[in-house]
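The following blocks contain the structures, represented as structure tokens.
The two complexes that follow have chain A in common; it is paired with chain B in the first and with chain C in the second.
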Partner chain A sequence: MFLIFQRLWQVNWAEQWQYRANLLMYLLYWLVSPIIYLAVWTSIANANGDVKGFTANDFITYYMVLLIVDQATSNIVIHTFGYKIQDGTLSGELIKPIHPMLTNALVNNVAFKALTIMGLIPVWIILFFLFKPDFSGVALSGILIAIPAMILGFLISYLISATITALAFWTTRVYSIHEFYFALILLFSGQFVPLTLMPPIIQNIAQYLPFQLFIYYPIQLILGKLSVDQIIQGYVMAGIWLVVSFLLFTWVWRAGVKRFSAVGA
Partner chain B sequence: MQTLKLLSSFLKVNIQMSLAYRADTVVNILLNFMWLGWELLSLNIIFSNTTSLGGWGLGELIALLGVFRLVNTMMMALIWPNTEKFNQSIRDGSMDYTILQPINSMFLVTFSRITVWRIWDLILAIVLIVVGINMSGDTTTAASILAFFLLTISGVIVIYSLWIVLIALTFWFTKFDNNVTILHALLDAGRYPATVYPVWLRMIVTFIIPVAVATTIPLQALRGDLNINQIILFFGVGVLSFWIATKVWKRGLKQYSGASS
Partner chain C sequence: MSSNSIIVEQLSKTYQVPEREGGFSAAVRGFFKRKYKDVKAVQEVNFTIAQGEIVGFLGPNGAGKTTTLKMLSGLLHPTGGNATVLGYTPWELKPDYLRSMTLVMGQRNRLSWDIPAADSFLLNQAIYRIPDDEYKETYKELDELLELDPLMKKPVRNLSLGERMKCEIAAGLLHRPKVLFLDEPTIGLDITGQVRIREFLREYNKRTGATILLTSHYMADVTALCERIIIIHQGQLKYDGGITDLSHKIAPFKLIGVRLSDADSHDLSGYGTQVQNEEDADKKYIQVKAEDVTRVTSRLLADLPIHDITITDPPIEDVIEQAFNQ
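Let's turn to the complex of A and B:
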């Protein structure tokens, strides 16, 4: 099994490396929004002194950490896999004795992620000198405790996206569904603004949804803003959502594959 | 006259094409409303935490959102689909047929593909602008509204001209098919007044990829932040950039040699 993953890694790394120019363009697209939110909120904080206790530096550190966390937990499976179901190229992968979504596509995502993070590092350093965040509140323990949370966050986000991608077995509008899902992430994950500045009703719902595990929760762990109780609660939520999303995915996938008859076959 | 006739037949063809995918059109409009809801909610969140953003009020930001959506509509309804077609035509040489037509080739390249349902977006944008101006209230005068419209038009022309230059570069560098990505990526910066951005970012969105010229500057005219000389200057920039774009386009066409030779 380890050997299989090693080979898959080599193949997928080589494949992603081939598209490094496109990858930089993707990075550019994706960088703009957080930087704009950072600029908007720091300007508000500077004008008012603070925003409900958030100083300008709090916003800068939040979005600077967000750049890394979001890149670590997000995935592109809908774009790399959705078309395979639609045009039937999936059949070639189905006859292999390994699960296409949980091995090859997963490794492909990790390879993509490794490359974008490599591209992000120099950009992040430049932004660091432009915005001069004060990270004195960040402790090593916070970073260490956030790493497993980010891995869990990535796995949950991957499984949910994989479930949505698998809906392509039934509908051709899977990209529209994904766009809707993307809006939910924007609303409940803390991508736009730290969740505590959202309307109370959104905060209440967000607590129980998986989206904050992708962004808000790991950021708060790194910044050392959570009490022990909150840390435990977050990990418990992550555990529950991992199980739920895994069960959901396997159920949808099985039902989909049964239904699948490749186009042109 | 002939141009109008052509434009209406382009529109007709594109409507016919999109009628084949009616359900998709409905879904797209629904998603578009969802994003409008999100945009208004995000403004609401901002203004529940502050009374002004860089001195701008809620009404002004709604009007800005309208102008942003205007530019965005041009991006999604014209620039994006036509770029795809254009890049393809450079690769496979079908650009030959476009040049052979007895009509201005820049016109053909701009309007041959139109994402028709986006006309909705245009209406929404205008509603947002009107509502926003009304909300911002007493500071607007007839003169400032006139300046606003002039600079909105010139801003849209600046973005359009930049697009023409970017795709014309493909005549020289055939492999440059990421040509519009950078424009599209930075477009989101037009949602908020560029005056709140740090200097380096303001420089980029004003001078390099002038998104702010099409969004922030018309709104500044509406607020009365610009004097008459500045208004004339920015309008001149619009005219000048269009002139440059047509020159670059003509140069590029001379460079074009077909795909087979």
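Let's turn to the complex of A and C:
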């Protein structure tokens, strides 16, 4: 099994390098919105002294960390896999003795990430000198405890996106469904604005949804803003959502493959 | 029982195809209530194939060949009947089954377009859990037969059609499958390419005792490789037996094509049945019985101002169409 993943990595890493120009464009496109949020919120905080207790430096550190966390936990499986179901190229992968989405597509996504994070580093350094964030509140222990949370966050986000992608077995409109899902992420993950600044009702809902595990929770772990109870609660939620999203995915996937083989692969 | 690799019993597949007339009002109606038409792609087909046999699977376009191959490889669920391959029910897609068969279909299966074939081969080695020494041995054999080495380092997208097909077939055989389903393995290849693939398949079958079921448009593929032929037409099994018996059943015809200096002024109906050929409109084709070819040809050459003359086998579809579509 280890060898499979190792070879999958070699192939997908080489493949992603073929598309590095493409990838750079994606990275630039993706960078736009967090940098806008960063700029807007910092200038508001600078003008007012703070926003509900959030200082300009709080916003800068939040969004600087978000750039990394979002890159680590987000996924693009809808774009790399959806079309395979629709045009039937999936056939070739279905008759291989490995799961197409839990092996190849997953590794492909990780390779994609590894490359975009490499591209992100110089941008991040430039932003660092531009905004001069004060990271004195960040401790090594916070970063270490955030790493497994980011891995969990990525796996959950991947499995949910994979479930939505697998809806392509039934409908050609998966891309619009996924767009709607992105809107939910924007609202409940803490991407648009740190969750503590959201109305209490949204904060309450958000803590039971998986989306904050992708962004808000790991960021707060890194910034060292959570109490022990909150850390434990986050990990418990992550564990529950991992199981739920995995079960949901396998169920939808099985039903989808059955349908695929009924209507004509 | 154990000597039979493939057992097919009453296998059927009916597709439901949405049907809609053109135009706006039909589109609106179709949105609320879709009409479906049943297309019987495969109807109650029966056959068994013994281990080590090479069987040619023939039929015109749309006869149900590919549908049958897809069911046998596990990609499609039948709507009726049953099939076992190597003791497995294919559409359960058990990993053990997938590791012991291969399906080569078109050119888009096993190789990643952007990277050299060598990397995809190594990936397949891992996926199919092939031990290093066995992999090296199999690769050496495949390389001997298909001359793969010069192709391995180039990105697959830069390979020619024939080169890609060779790599695709080789990639599908690295795990030494016991059953091979080949859909048009020589399509798009030149004559040398076709011959090479044929020789390779025969040799592979001899060395490993694998069972091979292949479809082809080229009669030559089939006559060179298969002693037994299964013909399906409109989803139904029409013939299952030896290739020599088949030639008795199908009256052997040849096509004589002639190019005349003033084509319209000559009537060829006295020499044989005239056949239309759209691809080559300035040539006239007549179909004659194989044993009459020499006689008719010499008459044609003596009687008419002929610029060019060709004698060919009629396309396999036409032969089957004539034999079974009365």
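The rule we apply is simple: the second predicted complex is superposed on the first by the 260 of 265 C-alpha atoms of A that agree within 3 Å, B and C clash if a C-alpha of one lies under 4 Å from a C-alpha of the other, contacts with A are read in each partner's own complex, and residues count from 1 in each chain.
Please note the rule applied: contacts are C-beta pairs under 8 Å (C-beta built on N, C-alpha and C of every residue); 3 or more make two chains touch, one makes a residue touch a chain.
The shown structure was predicted, so the numbers you read here are calculated from the model rather than taken from an experiment.
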Inset, instruction - For A:187, select first, second, both or neither according to whether it touches chain B, chain C, the two together, or no partner. - result: first
Legend entry - First (chain B), second (chain C), both or neither touched by A:129: neither
Inset, instruction - Considering only the touch criterion stated at the top, classify A:98 as touching first (chain B), second (chain C), both, or neither. - result: second
Legend entry - First, second, both or neither for A:7, with chain B first and chain C second: second
Inset, instruction - Could you say whether A:261 touches chain B, chain C, both of them, or neither, answering first, second, both or neither? - result: second
Inset, instruction - Please name which positions on chain A make contact with chain B in the complex. - result: 21-22, 25, 28-29, 32-33, 35-36, 39-40, 43-44, 47-48, 51-52, 130-131, 173, 176, 179-180, 183, 186-187, 192-193, 197-199
Inset, instruction - Would you tell me which residues of chain B are touching chain A in their complex? - result: 23-24, 27-28, 31, 34-35, 38, 41-42, 45-46, 48-50, 52-54, 178, 181-182, 184-186, 188-189, 191-192, 196-198, 200-201
Legend entry - Interfacial residue positions of chain C with respect to chain A in the complex: 15-16, 67, 70, 73-77, 91, 93, 95-96, 98-99, 103, 105, 108-110, 112, 114-115, 119-120, 122-123, 125-128
Inset, instruction - Name, in rising order, each residue of chain A that touches chain C in their complex. - result: 3-4, 6-8, 10-11, 14-15, 18-19, 89, 91-92, 94-98, 257-258, 261-265
